[in-house]
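The following pair of complexes shares a single chain, chain A, combined with chain B in the former and chain C in the latter.
Coming up: the complex of A and B.
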């Protein structure tokens, strides 16, 4: 009940939730909604939005809306998995480093520094020459494994602060194992922070994966949003002619909507996980 | 202060601004400069790269500052048909070529072009990727055995003993000629002895020669001359990150024909840059640039005229016939009936492509030149016909379960169609082909290889059963059929004139060694090897046999003939070559520098 009240307190939060729900449904049911191969029509290349094609057509005369809906699964699954991988690795490293301090902290933080210094996009471009990234989990592993540095640093800071609190001193005083203290005492207290980081990471990972496809260094799939941007700009001439504009704007609009949805929804999540905010309102 | 005095400053500023605008706008002329602006078809500008035609990313511009003995007219039946350049004339015999230099040909430093320059350039050519031993050396075609200075303006260039390649003259004429004064110090005086050693019967000597030549090649390709020394109509004045500026070479032998006093070659990182230049009317001409129809409309709307010429390249679907079921002719024929080449071309290469019509392994223009009208009309056009495809497959033992075709063994037939990342025309075409095959009942997945170098390596290793490929690389029929029945198909032409076939090492096509044409058996590899040594008259029946066999057997399914679509802009210059100009294919292939040498392009 509290959750519902928090969610409906501001219209923006409801809008954010609705946007996220829409895209989640698109990712889950989209491929079933448009079963079968993507139809092509060489006589309707880059046609303008119409009753038949709400968002127009692409370079092969295929329906842009259909591509957006079908393509949502790869984009969102990849971003969600990437955020999950980054959160799991980053949280684990941050918790252990912050709790143990000393040499463990030094080693793990130098490792984190190393990961943070890796130039993500160039590395992924190099990786794409040996890895096809045909499945979302493949792309997610690459993004997640190179993207956990920031989470680790943030979680370590939070852990350093929490470990001085009384309940943790009590836990240590009772002789509970480090594993128990980290996973049963620290982690639940950090979960809201990690969850919010995860949601923000989803935005970043959508940008990263779409950029890779946009650059044309990873597999071509006409229903991928990044490939749509690539085709619109480099083959369709969207920057020089209005014909391919709807094809260019459709995936951009989707990315923008998802970003807005997550930001609006985060406001509710923040209040849900922060009792002091709830008390104030 | 009088009213006039108050106006003096703004008037002066306005006058200065007007003067600046007049001098700086693209392609504008002033009393002293006449600037021709274009892009180099092959070399985007690479700031800091050497002005060296042997450097992979060098700043050199054929036809402008980089000269050859001649420039190719792209005549499919006459490999000796070239525009004169450094060579005023030449005589080709079965053993070599005699070249007579242009009277008065000079380098931009004022020194004459000599036979020594040509001799050195030929030696350098043999260090640039052509250095292989024995049969390979001869198979390459540029099998120069000796270069002799007949007199101060005549050079005799002979093939190595045993060589009889019909394309020898063509290859010699197409080599870059560089000044011995600049490049001479990079090449040891014993280089011709080393070249002779390539054909030594002693393997150790031959291999040592290859190593030496490759080492020289690396030194030459990394060399950075202090300044450009050109025998062409222009010479590089400066290279900026965004453009190369070339000025007219007053020492050029045909300088009277060259109207522009300056050439600006714009840098580009992709086709969209060239589209942008054209939309703003910045270029006086533009080479073939792949573009969609909406951009074509915009470019033509900006005032550009389009010139379409044959380009002697086909995009095709190739098969590895060691992978079932692609070893069956009926399967390949059935696929040809399913793929609507018109529709695929309309999506994949709407401006620079024409749907393949004849499916002979050559482009349509070449097919019409080699085959008789009766033979052309007898070719199977494989017009889209799903019922024919279905009956061919059924006859071959394929069955259908629901909407899905099953292999004769009963397993579902699925195709992975391989293409290359970044090849937007192939990828767009693959989307349509997969859609058509899906609809016919063969689920088809498009897979991409990250780059073309990897693609070629994987293709040669036989990793792809079905994939896009470039064929019909001409203009000669010999080159076109080498692509189908040459090294990629396991055939090797040996120095002693024999041809051997192997199923391993580089053979990824695995077509049969025997076809039947008109009831007579032929070996396509043997016939293809012969083409390199036959005159066009003697080659005609061989080409006809190969064309008919290819049309019937379909080792590849040609999808479209590339069309070279060039653009000219007549707002600042006039007298461009047009569709009715003689040798228009060659002119468009060679570019504006050669147009100017031929007397085209005048100030408006």
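Coming up: the complex of A and C.
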């Protein structure tokens, strides 16, 4: 009930949810909507948006809208999978560090600092020289393994503060095993917090994977928004010719829309889990 | 003294980190199928050199002798690294990597620093406003703008700026550091051209950092506003301006962690920013080196970017100690 009231109090939050739902639908059903390979039409290269091609066509005469819809699955699936990997590793490290404190904490947090300090994108493009991680699960492993530092640090500080609460003291006082305390008492209380961090991670991972394709350092195994941007900017001449406008802008706008959707939606989630932010009248 | 005991472990961790990255890039280059050294060695043999000559040539160009055991090569690599020798670039045929990096570094450091300063000034002031006015529409919009710019991917920002200000409105040039027809030097047209070409990269860096400053400042100010001494100041009837000075001085402290984080974002993002704006900085050098399979240059650029971030972390920590007396005690 509170959830619904918080969600509907600002219209932006509903809009955010709708945007996310739209893209989720696109990712799930998109490839079925346009089955088969991309249609190529040499007579309609870089044609302007029309009734037939809502977003115009690209350098080969393929429909831009179709490419966007088909590309959505790769982008979103990979980002979600990466966020899942990062959340699992980060939560585990943060929980163990925050719960055990002492030397375990020091070692794990030094490791986390290490992961956070090494610049992610340069590391990934250096890594791409020995491992061409183009497939969704490969990309997700590469992004997840290099991107869990933020989640770990956030979970640790949250664990440290939960640790001092009465219910955990009671659980420890009852002599329950640390495994029970960590997985049965701490983890359920951390879940919403982790979910929030996962949503934030999704934005970052969409940026990172599309950036890797945009730079062209991973093999173009499937059609996605990053590949579109790469071809628009580096071979399609989209930065100079107005004809390629929709081809360049369509993937950019999709990324912007998802970012806005997640930010708007997070605003509601944030208020739900952070009562201190609720407005005082 | 206290500062020193706090700083030493940080320095040690930083050094370990630099060593780890150096080791990582070393073994990465050696994990590559057919190392560039081996390929060159075979080429020299084919072109009629004796094995000794070819060996000497390869070791002079690639910085390691490719037929030694791996551990010996690794020791030699670390030893040369300690002397500031990163080997020779392949794509710039034999120019020392350090020279290439030295030429590129200013084109990354100055725009990134300028962006950092702008982002800090604008982000923290807007963050304070967003905190004080958090119940109003403007406060909400401000914090929303922070989350938006913190979330938006670097290259999207760069491409949109380039598209709007160059292709669409034709207000600003981009590509390279200045108009190529001008002679470099301290003359009017050249300086103007350099500044014009720097505006878009700097703006990208600034917008990139803006969100983190705003959001952190906002939550910091909100937590300080709840402190007792602010209530006391209010009850004593101090003017809002004085009260705001108390608040901002206390709320600025957590900003130093953002400083270190921002440097990381900016330098990491430089690969994309410089790629879009065709700017000859470190990120572009790293990208070009990967395209040309120039491994000495690649590991050098990656190492330098990491070292810069590690140093920024240490500096942030040092500043924190100087500014917050509670840490020193």
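FYI, the second predicted complex is superposed on the first by the 260 of 281 C-alpha atoms of A that agree within 3 Å, B and C clash if a C-alpha of one lies under 4 Å from a C-alpha of the other, contacts with A are read in each partner's own complex, and residues count from 1 in each chain.
Just so it is clear, contacts are C-beta pairs under 8 Å (C-beta built on N, C-alpha and C of every residue); 3 or more make two chains touch, one makes a residue touch a chain.
Keep in mind the model is a prediction, meaning the values are calculated, not measured.
Engineer: When the two structures are superposed on chain A, do chain B and chain C clash or fit side by side?
Structural biologist: Taken together on chain A, chain C would clash with chain B, as the superposition shows.
Engineer: Using the touch definition from the top, say if A:88 reaches chain B (first), chain C (second), both or neither.
Structural biologist: A:88 contacts neither chain B nor chain C.
Engineer: Once the structures are superposed on A, label A:110 by its partner contacts, choosing first (chain B), second (chain C), both or neither.
Structural biologist: Once the two structures are laid over each other on A, A:110 reaches chain C alone.
Engineer: Once the structures are superposed on A, label A:222 by its partner contacts, choosing first (chain B), second (chain C), both or neither.
Structural biologist: Only chain B is touched by A:222; chain C is not.
Engineer: One more residue to check, A:39. First (chain B), second (chain C), both or neither?
Structural biologist: first
Engineer: Output check: A:59 vs chain B and chain C. Expected answer is one of first, second, both, neither. What do you get?
Structural biologist: first
Engineer: Thinking of the overlay built on chain A, is A:240 touched by chain B (first), by chain C (second), by both, or by neither?
Structural biologist: In the superposition, A:240 touches chain B and chain C alike.
Engineer: When both complexes are superposed, which of chain B and chain C contacts more residues belonging to chain A?
Structural biologist: Looking at chain A, the partner in contact with more of its residues is C.
Engineer: Between chain B and chain C, whom does A:128 touch in the aligned arrangement: first, second, both, or neither?
Structural biologist: both
Engineer: With both complexes superposed on chain A, which partner does A:231 reach: first (chain B), second (chain C), both or neither?
Structural biologist: After superposing on A, A:231 lies in contact with chain B but is clear of chain C.
Engineer: Quick one: from 76-84, 94-102, 130-138 or 292-300, give me the piece of chain B that collides with chain C in the overlay.
Structural biologist: Residues of chain B that run into chain C: 130-138.
Engineer: Show which residues of chain A both chain B and chain C reach, each in its own complex.
Structural biologist: Residues common to the chain A contacts of chain C and of chain B are 128-130, 217, 233, 239-240, listed in rising order.
Engineer: What does chain A use to touch chain B in their complex?
Structural biologist: 36-40, 42-43, 45-46, 59-62, 128-130, 132, 134, 216-222, 231, 233-237, 239-241, 243-244
Engineer: Quick check on the complex: what are the chain B residues that touch chain A?
Structural biologist: Interface residues on chain B, with respect to chain A: 270-272, 275-276, 279, 290-295, 297-298, 342-344, 346-347, 350, 419, 421-422, 424, 427-428, 430-432, 434-436, 438-439, 446-448, 450-451, 454.
Engineer: Considering only the defined contacts, which chain A positions touch chain C in the complex?
Structural biologist: It is residues 10, 12, 110, 113-114, 116-123, 125-130, 200, 203-204, 206-208, 210-211, 214-215, 217, 229, 233, 239-240, 242, 248-249, 252, 255-256, 259-260, 262-264, 266-267, 276-277, 279-280 of chain A that touch chain C.
Engineer: Name, in rising order, each residue of chain C that touches chain A in their complex.
Structural biologist: Chain C residues touching chain A: 13, 17, 20-21, 25, 28, 31-32, 134-135, 140, 144, 147-148, 151-156, 159-160, 162-163, 166-167, 222, 261, 264, 267-269, 271-272, 275-276, 283, 286-287, 290, 293, 295, 298-299, 301-302, 305-306, 309-310, 313.
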